[in-house]
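The two complexes that follow have chain A in common; it is paired with chain B in the first and with chain C in the second.
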Partner chain A sequence: MTSALGSAPTGRDDQVSSTGRPARSTSTRAHRRRWARAAGTGWLYVLPALLMYAVFVLRPLALTVQYSFYDWNGIGVARWAGLDNYVTVFTDSDLLKIISNAIILIVFFSLIPVALGLLVASMVRRITTGAFGTVVRTILFLPQVIPLVAAGIAWSWLLSTNGLVNQVLRALGLGGLARAWLGDFDTALPAVGVIGAWVLLGLCTILLVTGMSKIDPALYEAARLDGAGPVREFLAVTLPSLRQEIGVCLTVTIIAALASFDIVYISTSGGPGLQTTVPGLEIYRLAFSQRQVGLASALAVVLMLLVLAFVLPIQRLTRGEKP
Partner chain B sequence: MEELLTKIPRRRALVLAPLLVIGLAATACSAPGADRSSTAGPDAAVKTDLGTAPVKLEMYAETGFPLAKALADEFTKQHPNVTFAIREDQFTVIVENAPRVMASDNAPDIIRLPTMVDLVKDDLLENLDPYVSAYGWDKFPASQLMQLRVGDNTRGTGSLYGMGLGYSVTGVFYNKKLASQVGMTQPPATVAEFEQLLAKAKAGGVQPIMQFNKNTAGINFPHQALQNQFGDPAQVADWIFQKPGATFDTPAALKATQTIQKWAQAGYFPKDANALDYAGMVGQFQKGNGLFMFNGDWESANLDKAMPGNVGFFLFPAETAGGKHVAMSAPNTFGVSAKAKNPDTAAYFLNWVHTNAKAREIAVTVGGSSPGGPSDLPVPAAAPNTVLAETLKAAQQLGAENGAVDFTANATGGIFAAAITPEMQKLVAGQQTPEGYVKAVQAEYAKELSR
Partner chain C sequence: MNLSRREQVTGRVFLIALILVTLLPFVSMLSAALQPRGTVPDGLAWPSDPQWGNFADAFTAANMGALLRSSLLIVAGVVPVSVLIATMAGFGLGQLRVPGGRLVFGLLLLGLTLPFEAVVTPLYYQMQDFGLLNTRWAIILPLIGLYMPFAVFWMRAHFTNVPVELSEAARVDGSSTWQLFWRVQVPLARPAIASLTILMFLWTWNQFLLAIVLVDDATKRTMAGALGAFQGQWGTDLVLLCAGSLLILTPTLIVFLIFQRQFIKALIQGSLKG
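Then we have the complex of A and B:
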C-alpha cells in the first residue's frame, strides 16, 4: 500500500527504469555489451531481494496452486483430487454466495470511497498548504493508520444495540430504525461495508488531493476564462487529470474489498448466517478449522484470479497517455 | 505497482520465467503431507515414578481459564524438580493450531484438546492405555472417561487418549431477584413449567433468556438441552461419537428446533442475539439483564464474585415431572502429544490432578468443576450459599443419574463453525425452517464423515 502511495504521483517511470539501466536508444555491439555488464551487476544487487521474493512469495504461490489439486487435511497423506476442489468452488451454493458478498463489498470499499474522496478532495484542494492543510490531511488519513482490528472493534461498539449510532437515532426520535446493525440479516453486509468505506476514504482522499496539487493552475484559469463553472471545471479539468490516481485508488480498494478479512473477522465473524462471510475468511476457516487445505487453496487461487480480473482492466483503462 | 501489473518487459520476463519454473519444480515434485510411519503400539513399559532429575513440562492451555496454571504451580510446589512452560491461546485458536503444533518438533507434553478423532487418525496423540492400569484409572467411574476414548474412528469406546482437568456440567443459571419478581419459587420441574416462566418473564418486561449467538452459536445450548429431553439421549451421544448410521435428522432434534424457533419468535432470546458474543452475554447477565442463562459451571466462581447471593443454578428439567436429568457435560480435556518429550511426567501430572487432595480442591475453587477421579475420594466442598456449591451438587446428581452427554458441537471438527453456527443464526432470525436446520446440520456431518 505504501508503494502505491509512493509511486503513484511521480509518473516518471519511463525516464529511468527501476533497475537503473539507461534507456536503450542505440544498438551498437559495444553498447550492448556494456549494457549486459551493467545489467549483470544490477541483477546482483537485486538478487537478495529476489531470493526473498522467491522464497516468501513465489514458492507459497506455487504451493497453493499445487495443494489446490489435492485432498489434504494439512497433516496426513494427501490424495490427488484433480479438479474436484475447483468444481466444488464453482458449484457449492454457499461458496458462490461468499464470493458474491466480496463483489458487493466493492461498492462500499471502492466506489464510495473514490466518489466521496473526489468530492472531499476537490473541496480541500485549496487548503492543501500551510498548517491547516496538514491538520486536514492528518485527520483524513487517520483511519488508514489505525490497525484494522482496532477499527473493527471500535465500529462494532458504535453499531451495537446500545451503541452510539442507535443512541443518536433514538435521540432523533428514530428509535424505530435502531437495531443490532451487525447482527441483522439485512444490514450486516452494508454495515461491514461502511466500516471499510470509513477506513479507505482517507487513503483515497489523500491520493486524490496530491494528484490535484500537480494539476497546472493554468488549466483552471483557461477553463474559467472560457466561462466554466465549478462543476464544468471539475469534469473537464480535474477528473481527466486524475485518471492515474483514480486508477491506483480503485486498484488498492478493490483488492482490499475482495481480499478483506480483518474487519469482517472482528466485527461479525462472517455472520449472521453467511451474510458477511467473505472469501478471505472462508479460506482461513476451511484451512484451519475444517482442515480442508485443498479446497481452501482452490478458493484462494480463484480469489487471486478474481482480483486480477477486476484489477487488470482498470489498469488498462487508467494507464493514461505518457506525458 | 502500475508497471508491474500492466506489462512486464520481455527481457525481464525471460529471466523471471526460469525462476518461476525453479520455484515450482522445487516444490511440486511430491504430494504434500509427510509419509508418517505409524508409531508402534502403546509402549508397555511406563514409569510411574517422578524421579529427581529436573523436568520441564511444555503445556498448551486455554486463555481465560486459570485452572491449568494454578494446578501447575501447586504441582511444582510439591515436586520442585518439575517446572512448567505454559503457552496460552483462546480455545478456537487451539482447535486450529493443535494438529500443526503437535506435528512439530516442539510438540507440547500436555495440551488442551478439541475433538480427538482426527488427531488419533494422524498419530498425533499418545495412547494412554498403559497408564490406565499403571495408575488404576480403570477404577474411575467408567462414564467419566468414556468421552475420551477413541477406537475405529469413533469416540466413546476404545483406547484412552485424554484426561480432564475438571469435569464440567451445564445447565441454567438464574438471577434470583428477577426469579422472585416473576414468581419463581423453585426451579422448574418440567419443560412446560420452564416455558411458563419464560412467558411470565416476557409479560413482566424481563428478558427471559440471555444467550449469545455471535461467532459461535450459544443458542445451541438450549437447543441441545431440549433435544436431550425430547428423545433418547443415547441417540444424541451416538451421533456425537460418530457411530455408523447415527443421524441428526430425528424427531427429537426437529421438535427441539421447532421449540427454539417458537422461543425466538416469542422474543425469549435477546433481539440482538446474533450480534452478542459470549463475553457480552455474561456481562449482560451479571448486570441483571436476563432471568436465565444457559451456561456451564466454568462460569460459577466468576458469577459468585460478580453477583454474590443473587445467582442460582439448575439442571434443565425433563419433559415430565420426575424424569431423568440429562445435561451436556464434558471433561476439560487434556491429552499428551505422541511426540511429547516427557510423556511419563505428563501422565503423572494427570493422575495427580485427579487424586491429590490439594489438586482436587483447586479444581473446585479455581476451576469451578468436579475434579473427577475415583468415586471413593471425597469431593471438596465449596462455600455454602454459592452457585459454585449448586453446580457441584448438580454435577454429582447428574453422575448419579448417569445423565451426562457430550456437546453436539463436538461431533466433528467443523460441524460447529460450518453448520450449527450459521444455521442457528438463520433460524433465530427467521431465515431458516426447523426442517431445513436439521437437514443442513446432518448434511454437513455426512459431508465431513465422507472425507
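Then we have the complex of A and C:
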C-alpha cells in the first residue's frame, strides 16, 4: 500500500527528454505547450474519479472531524465543544470497554486464522491442481462470498441453545457446558470472534498456501540437509518467505476486526450488556439512536486512527525490504 | 518436494476438517429450513418429512422478487460507472502521468483503509440535503466514491506496468488520447478490469452498513441490507429465517459457482494488492 508511493516510476522525465531538444528553444516552447495540453487532457481522465471521491469520501471525512469538535444532536444548533468528545472517548469506561472489545476481536479475526492458515499451509504446501484442489478452493472461499449478515444468521443458529454446537456437546456427554453462547456474559465476545474466524480462515489459508507454493523447494532440501527439524524449517524458511502474504492476511483481518459491524449487529446487537459492542456499532447507535453526533464522530476519528496505528507498522514490517 | 507420508496425511486431514467446518453452518441451516413450521428444530437433524414448501413461503415473506430487482438496480448503478471512471483515472495516473498525479494518488491512499463507519454519519446528512435519503441513489453514489481508492489503485497498478512506448506508438499513428485509451489500452486491460468488476459486484451486493443507515425500505436495499430486515421481522420463526437466508444467498452462490475461477483469482489478487 504505502510502498507504491515510493516506487512511482520516472517515465514522465523520459517522455520530456526524448522529444525536448534543448538546442532549439522554439521547439521546447512548442513542446511545452503540447505537453501542457496533454496534461490538461490527462486531468480530464482523473477528474471524474477524484470528484466522486471528494464529494462522497473526503467531504464526509472532513465533516466527521468537524462534528467531533461539536456538541450536536443532529437537528438543532451545534455547540462548540473543543476536545470534550475526545476526552469522553478516552475516559468513559463504557467507551473504553467498547474499544478494547474491538482489540480483543483481533485475536479471533486475525491471529487465529493466520496461525491456523500457516499450520495448514506448512503441511499442505500446495493444494493439488486437480478437481480436488478446485473443490477445496471453492469451498474455502464460500465465507468470503456470502454477506457477513448471512454468516451472522447462520452462526447465531449454530450457537443458540438448540444449535449444533450444544447438540454436539451433549452427544459427547459435555451437556453441562451447553449454553446460549452468544447470550452468555462470559462467552459472547469469543463466540462473535469465532464467527469472524470462520469467515476469514479460508481466505488466509488460501493466500498462505498460494504463497507457499511459490517457495523454492530447494530451500527446504537445504534445510533438511542441514538437519533442521520441522520447527526450525518453519522458522527459517516458511515464515520469512511468507512475510508478504502474512502481512496481507494481518492487514485485511485486522481491519475486519477493528471495523466490524455486520456480524455483531446481526448476532448479538452488542449484548449482553456491552459485552460485544464494538466501535462501529456504537458509532451507529450514538449517531442515529442517541443523537450524539459529536461523540459518535470523535469515536469514528479514533477508530480510523486505531486502524492506521495497527496497519501502518505491519505494512512497514512486511514490505520493508522493497524501497 | 519430499514431504513425508505422515505429513501429507496430516495435511489432508486438516484440510478436510477445515472444509467440514466451513460447510457445517450451511448444512445446519438447511436442516432447520426443512423442518415443519412452528417447531423448534435441533442443530442438525434430517427431517423425516422435508418441508420444501418453506422456501416458497420464505420467497413470498421476504418479497424476493422485489429484493432481487433492487439489488440488481444498485449493482447496475454502481459497478459500470465505478469501473469506467477508475479505469480512466488509472490510465491518467499510470500512463499519462498527469502533473500533480502523485498528490491525487496520495489522497486516494488515505481512503484505502478507511472504515465506512467513519463517514456514514456525515453521509446521512449529506444525502438528506441532496433529498436522496431512502432512495437507491443514497447507496449508489457514496459506494462509487468509497470504492475509488481501491479501484484506482488497482487500475493504476496495471497501467503503470504497460510500457509507455505503446502509447507513443499510437500517438505517432495520430490517434487521439481517447482513441488510445478506448481502442488500445482498455482492451489490453481486460483481465484487470474483469477482476475489478467481480470484486465491485460482490462488495455492492453484500453492502450492509450503508443500506441500513441510508435506506429504510428493505425493498430499496442491497441483498445484505434486506437480509438484515428479514431477520428483524422473522427472527423468532427460525425455520422461515433459515429458509429465507438460504434463499437470499442463492443468487450470489450461483454467480460464484459459475465464475468461481475468476472470483478466486480476483479475491486473491484483490487482497494481495489491497
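Following the convention adopted for this analysis, the second predicted complex is superposed on the first by the 270 of 323 C-alpha atoms of A that agree within 3 Å, B and C clash if a C-alpha of one lies under 4 Å from a C-alpha of the other, contacts with A are read in each partner's own complex, and residues count from 1 in each chain.
Note that in this section a residue touches a chain if its C-beta (ideal position, glycine included) is under 8 Å from a C-beta of that chain, and two chains touch if they have at least 3 such contacts.
What you see is a predicted model, and the numbers here were worked out from it, not measured in a lab.
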item	value
Partner chain in contact with A:T205 - chain B first, chain C second, else both or neither	second
Partner chain(s) touched by A:L164 [first = chain B, second = chain C, both, neither]	second
Partner chain in contact with A:R59 - chain B first, chain C second, else both or neither	both
Partner chain in contact with A:G271 - chain B first, chain C second, else both or neither	first
Touching partner for A:L50 - first (chain B), second (chain C), both, neither	both
Touching partner for A:A309 - first (chain B), second (chain C), both, neither	neither
Which superposed partner A:V87 touches (first chain B, second chain C, both, neither)	neither
First (chain B), second (chain C), both or neither touched by A:L142	second
Which superposed partner A:Y220 touches (first chain B, second chain C, both, neither)	second
Chain C versus chain B, contacts on chain A by residue	C
Residues on chain A lying within both footprints (that of chain B and that of chain C)	4, 8, 43, 50, 54, 58-59, 63, 67, 74, 248, 251, 288, 293, 311
Touching residues (chain side chain A, partner chain C) in the complex	1-2, 4-5, 8-9, 11-12, 14-15, 38-39, 41-46, 48-50, 52-61, 63-64, 67, 74, 116, 119-120, 123-125, 127, 134, 136-151, 153-155, 157-158, 162-168, 198, 201-203, 205-207, 210, 217, 220-221, 224, 230, 245, 248-249, 251-252, 255, 258-259, 261-262, 265-266, 279-280, 283-284, 287-288, 293, 296-297, 300-301, 303-304, 307-308, 311
Chain B-facing residues of chain A, complex	3-4, 7-8, 13, 18, 43, 50, 54, 58-59, 62-63, 66-67, 70-78, 80, 156, 160-161, 179-185, 244, 247-248, 251, 268-274, 277, 285, 288-293, 311-312, 315-316, 319
Contacting residues of chain B [partner chain A, same complex]	1-3, 5-6, 15, 19-20, 22-24, 26-28, 31-36, 92, 95-97, 99-100, 103, 118, 121-122, 124, 213-215, 271-276, 413-414, 417-418, 421-423, 425-426, 429, 431-432, 448, 451
Residues of chain C defined as touching chain A within the complex	1-3, 7-8, 10-12, 14-15, 18-19, 21-26, 28-29, 32, 40-44, 85-86, 88-89, 91-93, 96-99, 101-102, 104-109, 111-126, 141-142, 144-146, 148-149, 151-153, 157, 160, 164, 168, 177, 181, 202, 205-206, 208-209, 212-213, 223-224, 227-228, 231, 238, 241-242, 245, 248-249, 252-253, 256-257, 260, 263-264, 267-268, 271-272, 274
